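Right, I'll just put the structure down here and ask away after.
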Amino acid sequence: MLIEYSDASAEVRAIYEDIMTTRQTDYINNFWKTLAHDPATLRRTWEGVKEIMSPGALDAVTKEMIYLAVSTTNQCGYCIASHTVAARKAGMTDEMFAEVMAVTAMANSTNRLASGYQVVIDERFKG
Amino acid sequence: MLIEYSDASAEVRAIYEDIMTTRQTDYINNFWKTLAHDPATLRRTWEGVKEIMSPGALDAVTKEMIYLAVSTTNQCGYCIASHTVAARKAGMTDEMFAEVMAVTAMANSTNRLASGYQVVIDERFKG
Amino acid sequence: MLIEYSDASAEVRAIYEDIMTTRQTDYINNFWKTLAHDPATLRRTWEGVKEIMSPGALDAVTKEMIYLAVSTTNQCGYCIASHTVAARKAGMTDEMFAEVMAVTAMANSTNRLASGYQVVIDERFKG
Amino acid sequence: MLIEYSDASAEVRAIYEDIMTTRQTDYINNFWKTLAHDPATLRRTWEGVKEIMSPGALDAVTKEMIYLAVSTTNQCGYCIASHTVAARKAGMTDEMFAEVMAVTAMANSTNRLASGYQVVIDERFKG
Amino acid sequence: MLIEYSDASAEVRAIYEDIMTTRQTDYINNFWKTLAHDPATLRRTWEGVKEIMSPGALDAVTKEMIYLAVSTTNQCGYCIASHTVAARKAGMTDEMFAEVMAVTAMANSTNRLASGYQVVIDERFKG
Amino acid sequence: MLIEYSDASAEVRAIYEDIMTTRQTDYINNFWKTLAHDPATLRRTWEGVKEIMSPGALDAVTKEMIYLAVSTTNQCGYCIASHTVAARKAGMTDEMFAEVMAVTAMANSTNRLASGYQVVIDERFKG
């Protein structure tokens, strides 16, 4: 299922190299090695991730924590495991992780209270 | 459906006052005015939000942006509207909002690629 | 969009009549009047609902509260509105509603804590 | 946990036989062998699947691909594994699988952009 | 990853003791032993669960079944495993479990029919 | 909130023109007019949609129906409304729409039965 560098086409190898250069690592995640079965999706996804996750108005660790909060909400096991590691590498401490989890849990809770109680949107919150 | 301050019990009024003091505002959202139908849930939810959302290892705007990312993932209309306003009040600029949205959208996308392709978790990502 | 009794085919009318008889009402919800565009889905869905929601090991109000908890979790506006009314008709009091909401919110919260913290399943919880 | 044919009641055996005949196989999935603990749900679910998944206005492979896209969105591990196999059996090629994944990922992404940006529904899209 | 009683701080031990006393058991789930990495979330979550899950207008088994229905909807493996056991301990029989599953499955189905068909909310269902 | 062509920057105008040319229409959806607040996300999202949704191994209507099934599962009101129209334009008939809905509803149902019953993955379904 995993396409290793040595078995990859030139197109896929070029993307693997860009991943390794950008991330300053010689390791390619299983996510990319699996997506390599569809080079178009591999390329599009990697280019999107590269563009979106590089520091901008938000720094890298903030972006990784948002990624983790979304993955946790969606219960994606692979994504939780990989983005927890990525967020820690970007600077997330134990205390920051604990707060990401607490906010994620609270938001999932109040999202349902708002819907279940059919809360009407306040005039001042309208666009 | 909304319980106004003037109609609230002493128990509910005390919580409304704590919300207004903590947030330095004289405005109570419809969310709280609706939850007031169940004072136990109003109190527990408010105390949780107050504890979790106050600055700690993460600052207020980072927490609000995570809240917004989760609410967006869950498609909760009320929560998106109210936490967009709250995040802006805490300092989220247009550029930061755009990046929260981009990360949230990307995470929702790759969460499904990881699951649908049945990507196996890398040894190094295991706890 | 709504197919009224007077405009319905014989097949659809028969289902409407079964709904009215079973529920002892002369009112057909918009849900059924919309599904009537596909008589096969109307029939299959109604027969499923009729079979599942009639009292068995669980009574009618318990079933309606579970329905409401799921609909709230999924953020389905129509379903929350209609099943809140249905649950109240089946005997759900204000206190019971408040507890359904509290349990639903708590479960949505701990579901994410369990996933995000990558909690390992206890041996004794394995099937 | 699995109820094998040899241990099944007459009612369950009859359903297993219908599954094997309809699918032209002598294999019963664990899904059905587990649902057999509740013969009413086994019967109702099988009859629904049989009715819905047989070719109609959409052919079998299209239906299986939609099933896979939904299961991927919901992150249901069992369903992704079983419906990937079912879709391939119905004719889904590697290229088709890659496109199902790409569309599913993109839809999950834009669903959140539409909600998070609070996009107002265009007049021409209203029913 | 698991913080055992013998390794826990005084603060965490006090919560473990309250869990064991309240539940009349000497067993602490992995969920709590993992949350113990963040004593504030451990305490807040346990106090919320204790308050919400104790019998009130709804009895314990009804609350556990609602918890299970939500966890099933969210596809949380840990929560499904642990709350199935908890619900059985609180009195859920095989027949009751089967009905919880049937209602949960049906609600998840009709939630999508209501949304996909864009069913308009009936006047009488408005708050 | 909506950025009209006449008020758009050159960068945004170029994308609007590509949308109109590709889709052979002079109409730009509110989705794009809203995303235009972040030209980078507008461009990346449009290029992704254009690449993914053009006919390939799957034809346009199949892709639109998968998009609709995912949007329905996620309960995204805007996306359901817009992709129902898009799918119809691409050739989805009333019968096809009814089958998309039936498959989507069934998948959402069996996804939860598989999870709630903790069905073990069959050896033959493993990758």
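In this document, chain identifiers A, B, C, D, E and F correspond to the written order of the chains, with residue numbering beginning at 1 in each.
Simple rule for what comes next: contacts are C-beta pairs under 8 Å (C-beta built on N, C-alpha and C of every residue); 3 or more make two chains touch, one makes a residue touch a chain.
As the structure is a computational prediction, the values presented were derived from the model and not from experiment.
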| item | value |
| --- | --- |
| Shared interface partners, meaning chains that touch chain C and chain F | A, B, D, E |
| Chain E and chain B - chains in contact with each | A, C, D, F |
| Per Cα centroids, the chain farthest from chain E | F |
| Most remote chain, CA-based centroid, reference being chain A | C |
| Selected from B-C, B-E or A-C, interface repeating C-F by over half of its contact pairs | B-C |
| Interchain centroid distance [CA atoms averaged], chain A/chain B, Å | 20 |
| Separation of chain E from chain F, taking each centre as the mean of its C-alpha atoms, in whole Å | 34 |
| Contacts with 2+ other chains: residues of chain D | 1, 37, 40-41, 44-45, 48, 73-77, 81, 84, 98, 100-102, 104-106, 108-111, 113, 115, 117-118, 120, 127 |
| Chain-level touch network, classified as line, ring, star, complete or other | complete |
| Chain D partner contacts - residues on chain F that touch it in the complex | 1-2, 27, 29-31, 34-35, 37, 41, 45, 48-49, 52-53, 56-58, 62-63, 65-67, 69-71, 73-74, 76-79, 81-85, 93, 95-96, 98-100, 102-104, 106-115, 117-122, 124-127 |
| For the chain B and chain D complex, residues of the former touching the latter | 68, 72-73, 75, 77, 80-81, 84, 100-101, 104-106, 108-113, 115-118 |
| List of chain E residues in touch with chain A within their complex | 37-38, 40-41, 44-45, 74-76, 127 |
| Residue ranges of chain E touching chain B (in the complex, touch as defined) | 1, 40, 44, 48, 51-52, 127 |
| Complex interface listing, chain B residues touching chain F | 75, 94, 98, 101-102, 105, 118, 120 |
